[in-house]
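Per-chain numbering from 1; labels A, B, C and D assigned in written order.
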Amino acid sequence: MGSFMGHILPGSFFLIAGLWWAGKYSLWYATRRNKSAGAGRLATRAMQRRMEILEGAVVLTFSLIGILAEQFVANGPHFQLYNQTAQQWEQLMIWQHSTMYLFFAMSGATTLTVHLTDTAPLALDRLILSIAFFSEGFLFYYHLHGREMLDVHVHTLLLYAIFAGALTALLEMFHRGNVLLELLRTTTCILQGSWFWQIGFVLYPPSGVKWDLTDHSNMMFITVCYCWHLACALITISVLYCTVCCVIRSKLRRMPPMEMGLLKPREREVESEDEVL
Amino acid sequence: MGSFMGHILPGSFFLIAGLWWAGKYSLWYATRRNKSAGAGRLATRAMQRRMEILEGAVVLTFSLIGILAEQFVANGPHFQLYNQTAQQWEQLMIWQHSTMYLFFAMSGATTLTVHLTDTAPLALDRLILSIAFFSEGFLFYYHLHGREMLDVHVHTLLLYAIFAGALTALLEMFHRGNVLLELLRTTTCILQGSWFWQIGFVLYPPSGVKWDLTDHSNMMFITVCYCWHLACALITISVLYCTVCCVIRSKLRRMPPMEMGLLKPREREVESEDEVL
Amino acid sequence: MGSFMGHILPGSFFLIAGLWWAGKYSLWYATRRNKSAGAGRLATRAMQRRMEILEGAVVLTFSLIGILAEQFVANGPHFQLYNQTAQQWEQLMIWQHSTMYLFFAMSGATTLTVHLTDTAPLALDRLILSIAFFSEGFLFYYHLHGREMLDVHVHTLLLYAIFAGALTALLEMFHRGNVLLELLRTTTCILQGSWFWQIGFVLYPPSGVKWDLTDHSNMMFITVCYCWHLACALITISVLYCTVCCVIRSKLRRMPPMEMGLLKPREREVESEDEVL
Amino acid sequence: MGSFMGHILPGSFFLIAGLWWAGKYSLWYATRRNKSAGAGRLATRAMQRRMEILEGAVVLTFSLIGILAEQFVANGPHFQLYNQTAQQWEQLMIWQHSTMYLFFAMSGATTLTVHLTDTAPLALDRLILSIAFFSEGFLFYYHLHGREMLDVHVHTLLLYAIFAGALTALLEMFHRGNVLLELLRTTTCILQGSWFWQIGFVLYPPSGVKWDLTDHSNMMFITVCYCWHLACALITISVLYCTVCCVIRSKLRRMPPMEMGLLKPREREVESEDEVL
């Protein structure tokens, strides 16, 4: 299906997800750090829960839209798997993409369940997110058969970002609430997003000037370029983190001091949800 | 020895084991969660121990039956390893299967020892289970030499499920009683079971219509299909988990409230066996 | 240098080391478990320390003897590395073996340092042991170039045992005193020892009947055989463990009960050395 | 760009960094161990922080100098990436080196931020250091295409040291202040440094006598030689550690005993920074 838009679209989604995560985790960490100064009022546990539910709902919705869009585009398979007349599988690429969306939909649904009800263990959302990333990487891995050198190389580099994200999410199962792991996962997500854009520009250049897919020096450049994307992702996140910190501090300075006695005992308990597991 | 039934049988065993585990761990987790509501009476520690002993006994019995059945079928090796007259090894495939059963028999025996006596450390059952899965994967890995592309591919996918199960069991050695790891192992077990069925239907189709084992699009379909099996395993477990939760809640609602004073001090101690290690 | 004795000798050393470890760790674990019954008197901390020092001294001595023996055998290199006249390296195989011994000598010296003085952190002995195993595996790995199929295969299987031992020792750095990890390392050590014997019998059969090193069914048999070695190692250790448990219990039954007050406070402190780290 | 000096220079940097780390961590560990004897006065928390800031500043400065030097040497690219006239990438090798320096510069900047301000979580410096090592290894890995056997082999061995360092730094994120991990990372750093020297002497021998890059016995020697470098790194560190311990003890003996009451409460709190995380 390879097309320019087919790489720009998922890339944009991952970029937006990464930026959202960077903001979210920065806010929570800065709030936790300045709790003694009353920052708890800026991002209460109830607000955190609402953000998680919103995130789950958005992920679930967009994944379902993605599945339907892939299946019902002009030449899509319309949920037909096997073409009896042509004796062949119907549009396996699109089925692959639908499957990827399916796992992200499951991840979104899990986030909703975990934060709307009390039945499931908290860390389940990270486990399912990890499985979603693993499945994405797994499907991409068996996607590369018989392509040209540079094409395989750019997708292999994409796999590093995907599997790094999956492993980080898995580690978070055991170290939930560790801000470094959260930001590391965010980094891999932003890297994945920007690399999707890069792939789009390399394989389907909108300028029309084709890259030589068999040239070794192109491959070397792409490798260096990947490191620059990683560096940019790290810098983006640190800029976002600093901004959030500054905003919170300036807000705290303008806030009247709060008496600790006003904190309801129930709220204090709930705030430590992360450590309950 | 490849045959349709030779894949359906082990698949069914793993499926049953997976469903049993899903039910068992869901029940225990739901009980632990609702302990304050008196759920401890629904699944006491004594009952848990009885379930473990039953499981160990069943695994041990079936593994021994498996070994004997493999050795004494019509053309089995009858425990003869080397055929002196033909100057060759006798039925190495069957010896491989017997060896797999042997490790699962050891795993069953360990479960019995751990829960019937006090001598062995608790986490030993997970270590031996992990070794049993590793051995199974190891033997399968060196099983694939010289087969056709799709045949190798379906068995490679099986290996992922097996090794994922082995690694999860190994992690459980350090995080015993973590419900997510237990359910993750359950998922890999159900996936393994259902994938054995899939292999049976792909390599020895009962309908008689052979698959083209060298067609690349078949291979792509199988990869996507594997992800669906994984998704189905996850959904099966979550449905089972929800059912167990509902049943326990409805039972708790019909139960008269219990006074905490009635809990004997000894029982409380024993219930935390998982954290003793 | 490949010879029958060249595999039997190291194999015997690893077997003896494995059996010693199995006994040592079983004794310590059984003592810890029955501490309330006064078992602390059977294996006091001072005795544990003496056992460790003895082990370190033996490992160090034998490694140094090994280096000297390798260097000064009839056609050894006598510590000469480069043969100027022949313009070639002098006996690189022997230098490889000397290097392996060197790392085990360092491991022995570390054990001595850790338990004789107070300067080094306790877990250092496991780290250096792990490095010794890794180096052994590393040198074996680059040892296999250009050999025949079965020869490569038996050494590859050896590598699994070596690296499993190295990884377990590394894990022990973080989970020191975990009896399951200690016994797992013991298992890999016994497996390594018995597999060295197996290699000796396969590559240099004393009966004189050569194995066909290119026959695939031989390779399949060797794979199954490796699993049997693993199973035997596990069974050996469990038998040893049970024997030690029985002996300790019978001794405890014949001992007069001890008053807890007699335990000197200093001793109690020292006994928990493992948890100090 | 391969040249003798091009390997000696980075090697020397890594060697110096390794020796500095070995001294630093030995000093801190010995201080912590002898805290009850008043050693806290020898390396106060304020001094530790100053050492970290110094380290960060030096790393940052040298990395920036490295980037500028690489870009503006006689035939450097002067920050021009693509040569429009020749229709090819401009000096990709130098861009690769600049990228490596860039990540180490980021690591230095992180160390400065973490220890100069309070905004960032402590373990962030290890995470970024780990990413810097990973990027270095990653760029080297895709650097080896189409070279000769021995050339590839010596760089592969270098990769082991780099990735071992990266993994150790990653582990330190979770076990901060574990002296064994710190010294293990130091070992890999010294090994990397001395191995860079070795590579320089093998590939660009100053004596002028070229090595045969396709001779298998040369490859075997290099493998053994790598283990010797590792052993030397370990011995160097232990000698340094012992020296530091002796110096501290002799200083403590000459110091008048200190009354604990003199320790200001604030200082005691700050000293446990490592466990705050």
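Quick note on the criterion: a residue touches a chain if its C-beta (ideal position, glycine included) is under 8 Å from a C-beta of that chain, and two chains touch if they have at least 3 such contacts.
This is a predicted model, so every value here is computed, not measured.
Chemist: Taking all residue numbers at the chain A/chain B interface, are over half used by both copies (same) or under half (different)?
Modeler: different
Chemist: Fitting on CA atoms only, what is the rotation between the copies chain B and chain C? Please report it in degrees, nearest 5.
Modeler: 90
Chemist: Any idea how many Å lie between the Cα centroids of chain C and chain D?
Modeler: Chain centroid spacing, chain C to chain D, equals 32 Å.
Chemist: Using mean CA coordinates as chain centres, what's the gap between chain A and chain C in Å?
Modeler: 45
Chemist: Could you say which residues in chain B touch two or more other chains, in rising order?
Modeler: Correct list: empty.
Chemist: Which word fits the touch map of the chains here: line, ring, star, complete or other?
Modeler: Its topology is that of a ring.
Chemist: Kindly provide every pair of chains that touch.
Modeler: Once each pair is checked, the touching ones are A-B, A-D, B-C, C-D.
Chemist: Applying the document's contact rule, which stretches of chain D touch chain C when the two form their complex?
Modeler: Going by the criterion above, the answer is residues 29, 33, 175, 179-180, 184, 216-221, 223-224, 227-228, 230-231, 234, 241-242, 245.
Chemist: Any idea which chain A residues touch chain B in the complex?
Modeler: 88-89, 92, 95-96, 99, 102-103, 106, 119-121, 123-124, 127-128, 131, 135, 138-139, 142, 145-146, 173-174
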